[in-house]
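One structure coming up, written as structure tokens, with questions to follow.
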Amino acid sequence: MTTTDPTPATGAERTGAAPIPCPSVPAPDILRCASMELIVTDLKASRDFYVDLLGLVVTEEDENAIYLRTFEEFIHHNLILRQGPAPAVAAFSYRVRTPEDVDRAEAFFQELGCRTERRRDGFVRGVGDSVRVEDPLGFPCEFFHEVEHVERLAWRYELYGAGALVRLDHFNQVTPDVPRACRYMESLGFRITEDISDADGVEYAAWMRRKPTVHDTAMTGGSGPRMHHVAFATHEKHNIIYLCDKMGALRLSDRIERGPGRHGVSNAFYLYVLDPDGHRIEIYTQDYYTGDPDNPTVHWDVHDNQRRDWWGNPVVPSWYTEASTVLDLDGNPRQVADREEPSEMAVTIGADGFSYTREDDEDGRYRGEAAKGFKLGAQL
Amino acid sequence: MTTTDPTPATGAERTGAAPIPCPSVPAPDILRCASMELIVTDLKASRDFYVDLLGLVVTEEDENAIYLRTFEEFIHHNLILRQGPAPAVAAFSYRVRTPEDVDRAEAFFQELGCRTERRRDGFVRGVGDSVRVEDPLGFPCEFFHEVEHVERLAWRYELYGAGALVRLDHFNQVTPDVPRACRYMESLGFRITEDISDADGVEYAAWMRRKPTVHDTAMTGGSGPRMHHVAFATHEKHNIIYLCDKMGALRLSDRIERGPGRHGVSNAFYLYVLDPDGHRIEIYTQDYYTGDPDNPTVHWDVHDNQRRDWWGNPVVPSWYTEASTVLDLDGNPRQVADREEPSEMAVTIGADGFSYTREDDEDGRYRGEAAKGFKLGAQL
Amino acid sequence: MTTTDPTPATGAERTGAAPIPCPSVPAPDILRCASMELIVTDLKASRDFYVDLLGLVVTEEDENAIYLRTFEEFIHHNLILRQGPAPAVAAFSYRVRTPEDVDRAEAFFQELGCRTERRRDGFVRGVGDSVRVEDPLGFPCEFFHEVEHVERLAWRYELYGAGALVRLDHFNQVTPDVPRACRYMESLGFRITEDISDADGVEYAAWMRRKPTVHDTAMTGGSGPRMHHVAFATHEKHNIIYLCDKMGALRLSDRIERGPGRHGVSNAFYLYVLDPDGHRIEIYTQDYYTGDPDNPTVHWDVHDNQRRDWWGNPVVPSWYTEASTVLDLDGNPRQVADREEPSEMAVTIGADGFSYTREDDEDGRYRGEAAKGFKLGAQL
Amino acid sequence: MTTTDPTPATGAERTGAAPIPCPSVPAPDILRCASMELIVTDLKASRDFYVDLLGLVVTEEDENAIYLRTFEEFIHHNLILRQGPAPAVAAFSYRVRTPEDVDRAEAFFQELGCRTERRRDGFVRGVGDSVRVEDPLGFPCEFFHEVEHVERLAWRYELYGAGALVRLDHFNQVTPDVPRACRYMESLGFRITEDISDADGVEYAAWMRRKPTVHDTAMTGGSGPRMHHVAFATHEKHNIIYLCDKMGALRLSDRIERGPGRHGVSNAFYLYVLDPDGHRIEIYTQDYYTGDPDNPTVHWDVHDNQRRDWWGNPVVPSWYTEASTVLDLDGNPRQVADREEPSEMAVTIGADGFSYTREDDEDGRYRGEAAKGFKLGAQL
């Protein structure tokens, strides 16, 4: 782990894909990631998961869709569950600062040659004038400003469960070429806060933000475009532990995919769970302020075994390989392109992988079977 | 998980070893597990681990031994680290109610034909009249009442670290024949609170207590006699999480063997770490009161994947296979006998193992790759 | 704060009341405080308080009574709410080790000349053979062993609220003559763990236990017999804070009487709330193990401003003056006798009171208005 | 408690003081409150308080000054302690987005006719080009961009204490005319997030932010200019509770002025402590995101007894009346002007005060002495 001044992410663009040009028109002023629209195949089962298990608050619902929000939110929703034929993501939705920023978003993506669709009355309930785009990486993104205000339930403790989710924190997207994606996201106004790379300059993942947290979204190297996860924040770590305990009590422990643990990247406490369709949800708490323009970028060596779990607990392979399909603006699944560069899983786990706990550990301070500097090997 | 009235543990004695007779003399009135004497090979390295990392309090020390206690303790020590040639356990030490109970302990083990040694001035500093025995299972046990009182540091918050250990909670011992061990421990006055068995009546592990917690010690089936771990309690879960964070910061994450997690058995929150010699230490918090004579015994199916981790996180093989050598009263390592019955690891992990999250799960509530009802498979 | 070997509480009996003789028959072997029977005047309002607000679990209920238990309990109930004409306490109920201990309790109190009533089928649902007595201090006490087992909900996290109460911890009783009460309770098998007294030997309060926590009950000096409070335990401090937050959200903050805070006595984290009838409930967590026979007794100076709140926050006068009426075995309110010795409130608060933060503080380390060594004065 | 769209704070300017004009030049783009410079009279005693007790990290120090930072900070310092003849505040320091914003700050205050002083090498160590101003309210403010980067210790858990302070969160300033102050702060780019007022339109306090938390500073009505407090954030509530426990252990409980508790305003968990000179420090955690331009403003009725403590615990008078002197740019104490409008303390506490727990409470749900809808009365 090293830090640098906030220069662009260190990896070079290596794949055959042409760089994404930087538009001449100004980028929209994005406030924050605001909502995701998920396609689920059994709305009742998903309601059990998101409302009864995770405790998200229903703003409104009908037979086809449920609009959910977190306890500290004042806009209409942070998550839409929509009944559909196959699990997918219909929109990564960002809020912009002004109504005019919707115009800017439309112009920005039109200059990029992306398909865009503008609806003055919005695509979903509770949101007004919006533009949806198929972005250069193939993700369906939405930009809006007008939104229905609802009660911020922050003080309504009588409604809180023991694992209350208080904010939408971030998205995480899978894309084959991380440096290419970063350049594009930087042109859209995002800043890199942390990344994972190797000594050869291969970039495996990068975290980027608008609001001053570690991220509003991250680009994870892999076959894409796919949605890796969407993350909600709790106030404290015990809230996350409670969700694990509750999943055990409901005999759903096999839906806990990874964690709880402490991330190296972001320094946050985390948990990954899988919804009934296999969409991955992160529960997350306590990263740090990143709002200064010279906020140091944190670089992690892909071989550092504490980068993804500070305690060295193994990342399960499914976490690397599985992700959700994303849709185009017609609602059809996007084709995915494979990553050409090395995969983080391959270079760190298994016969050809390599990880360390203490780089250049020569001191022999610790003995015994488990002292190989890397825990996962002992489990395989 | 089922509960029964507090009958003896369900497994039958099956091995060739003769049952241990129940002495005709009264058993000593044991108050609680009180201390363990560990042999360590590098006293300085061990001090770094137990004092600087874990934050135990030094009562006294010299060049050969360090006497440590927890923050709520008022007797001289809960752990002795003694320099020696090879890692081992020299004593599992129990406090008894009265001075006469030391006599009773001596008579009890003499009737069993065990080797005993009585020292009126104690074997270690801070403890008076004591008897040490080689118990019928081959463990070196100590019984004492007289002890030097020291300051109970419960109110000395200025000395607490963020992961303060406040009590010695329990021992855990590896022995080949769990039912045989349970019969003997019951004759010594212990009561079974929980166990793990299978439909064929094989007993894999049993927890037993004197003080009204889930255990003062547990018998874990395996090659024995060996010491599996010794456990210290914190007040809250975040104290345990902090110790993980600190081990990450010190680049010692490879010494986190398992956890943190929630146990099924005991319902406690736990962490297992390894000291510089490979002795296993558990950090533990929040089990439940068991002091009523009809406290229900909790029985866990060995195939229940939530029995050892309520969240279904895998038990690493080293946790099943590794344990510390124990010494006889001359300080020589005890030979270990292998377990003849099936091992918990073999029946639950790997090619021939079998575990479930939901017994007889036919409902198909959850789809997708990770929905196999058992997480470990996905990692192998 | 000083500690001594576990000698009897330090205060002398000074009041005119004759000492309570020590019976010649053996005392019953009391396991623990087990339940309280409260008379409430509006069962629906009380249900809102204990079930909806505090989250206690209903074992059974009808139009006249509600039987409640905590999440880790396996006996039928820890609290009975019974509709009645005026707020009162009908029974302080203790569980004894064996059925024969009910006989012993009956004989013990008969030798003391106390009124007793035996019911082989119990006084309340879920409990069998019991004896109720009017004890020498005037309290209605119940002793039972037979009890219906119900599900221990410890693992049922899907039922836990954010402030889950997991155990009944203790009672607290108001009585005029604390030393006299202590002598009697010691004859019944209780041991003193902590007390508050002054340099003149006046005893203001004493804590005493059967199970190895700081107390099963406490004797608080004042007009009595009256019931000061009954306490339930949570796992962690944040559970207690949540209950405060919830009471704020329900606009019931005026029912938070005192706290949350850290006790000096017991070292536990606490909160006092008032039910709709004014019965005082404590929520409590994390005291320490006291089970050794030589557990040091902790003595607090009544003038030490940290004895009742370790952070020096003031004790509200109502906490000293208000308490619940107790009933005799006919259900009639007991007359109360006034305390003849000085009251803790009078000697510590107000014009004639005296408290210190630092005894003999001469060092002048801290300046300013609030540095008088005692916070309350600044508020009057 | 009601919410409105983010209109200006509701109170009108009523005092004789002329409104502060809105400059024609652009305001500097302020990132966040960044540091405070405190004058202390005994640097050693202050070091004991801020370093040994509160656990702030020393970036550098000499015989005259100590530069301190929090665990997640990467700029040189968040607090300067400087030896001086009398307790005071020398600077409220804000970081601006670019070097040019220092020029803008200088021009902004020059147009307001304020005294300014520019130093290209900074006024303090670790900070470059800065301007200090005597702002229109009489506060000494500093604006800088250039700053020395130091290690962000977020991952250095081995250095964390149990009460680790991770961020500077906000300032709080006392000024006679809150609406006048708000208008000025809005012209400087701040936004109001919450306020306290009454039905007559009197404004008692207002919270305002640049970074998207509830505040970077607040204006509290009273004799001013004075500094009310400076606040540092912890990750979790137990960190704050630990600081209380530690102050109890050090027999400094009389330096806990108020709390811990839950604020109504901001919804944060809080504690106020007093340093050796009487400077007030808040420890604070878990307010909410306010970064959207239409973030609803929360209005609190001054008579709502939960506005300053959600649990209704009383605000001690010293908290209302005491505050720190501020200096002019020559280092001389500023004269204070009295508030002409009603004081929050007078209208809510004591003989003429009025507060409620439940507005228009007619339902008589709760009985008894403490049920008067307002706790403080019972203590006076």
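Each chain gets a letter, A, B, C and D, in the order it is written, and its residues are counted from 1.
By definition in this document, contacts are C-beta pairs under 8 Å (C-beta built on N, C-alpha and C of every residue); 3 or more make two chains touch, one makes a residue touch a chain.
Bear in mind that the values here come from a model prediction, so they are computed numbers and not experimental data.
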Quiz item: Comparing A-D against A-C, which pair counts more contacting C-beta pairs?
Solution: A-D
Exercise. Taking each chain's centre as the mean of its C-alpha atoms, give the chain farthest from chain A.
Key: C
Quiz prompt | Mean-CA-position distance for chain B and chain A (Å) | solution = 41
Exercise. Using mean C-alpha positions as chain centres, tell me how far chain A is from chain D in Å, no decimals.
Key: 34
Quiz item: Per the centroid of Cα atoms for each chain, what is the distance between chain A and chain C, given in Å?
Solution: 50
Self-check item: Contacts with two or more other chains, residues of chain C listed in rising order
Solution: 155, 236-238, 245, 248, 264, 310
Quiz item: In the complex formed with chain B, which residues of chain C make contact?
Solution: 1, 3, 5, 31-32, 72, 74-75, 95, 97-98, 149, 152, 154-155, 166-167, 211-212, 235-237, 264, 267, 286, 288-289, 291-296, 310
Quiz prompt | Residue numbers on chain D that touch chain C, as the complex places them | solution = 45, 236-238, 241, 244-245, 247-248, 251-257, 260, 262, 264, 269, 274, 276-278, 305-306, 309-314, 316-318, 322, 357-358, 365-375, 378-380
Quiz item: Taking the complex as given, what residues does chain B use to touch chain D?
Solution: 155-162, 164, 236, 238, 242, 245-246, 248-250
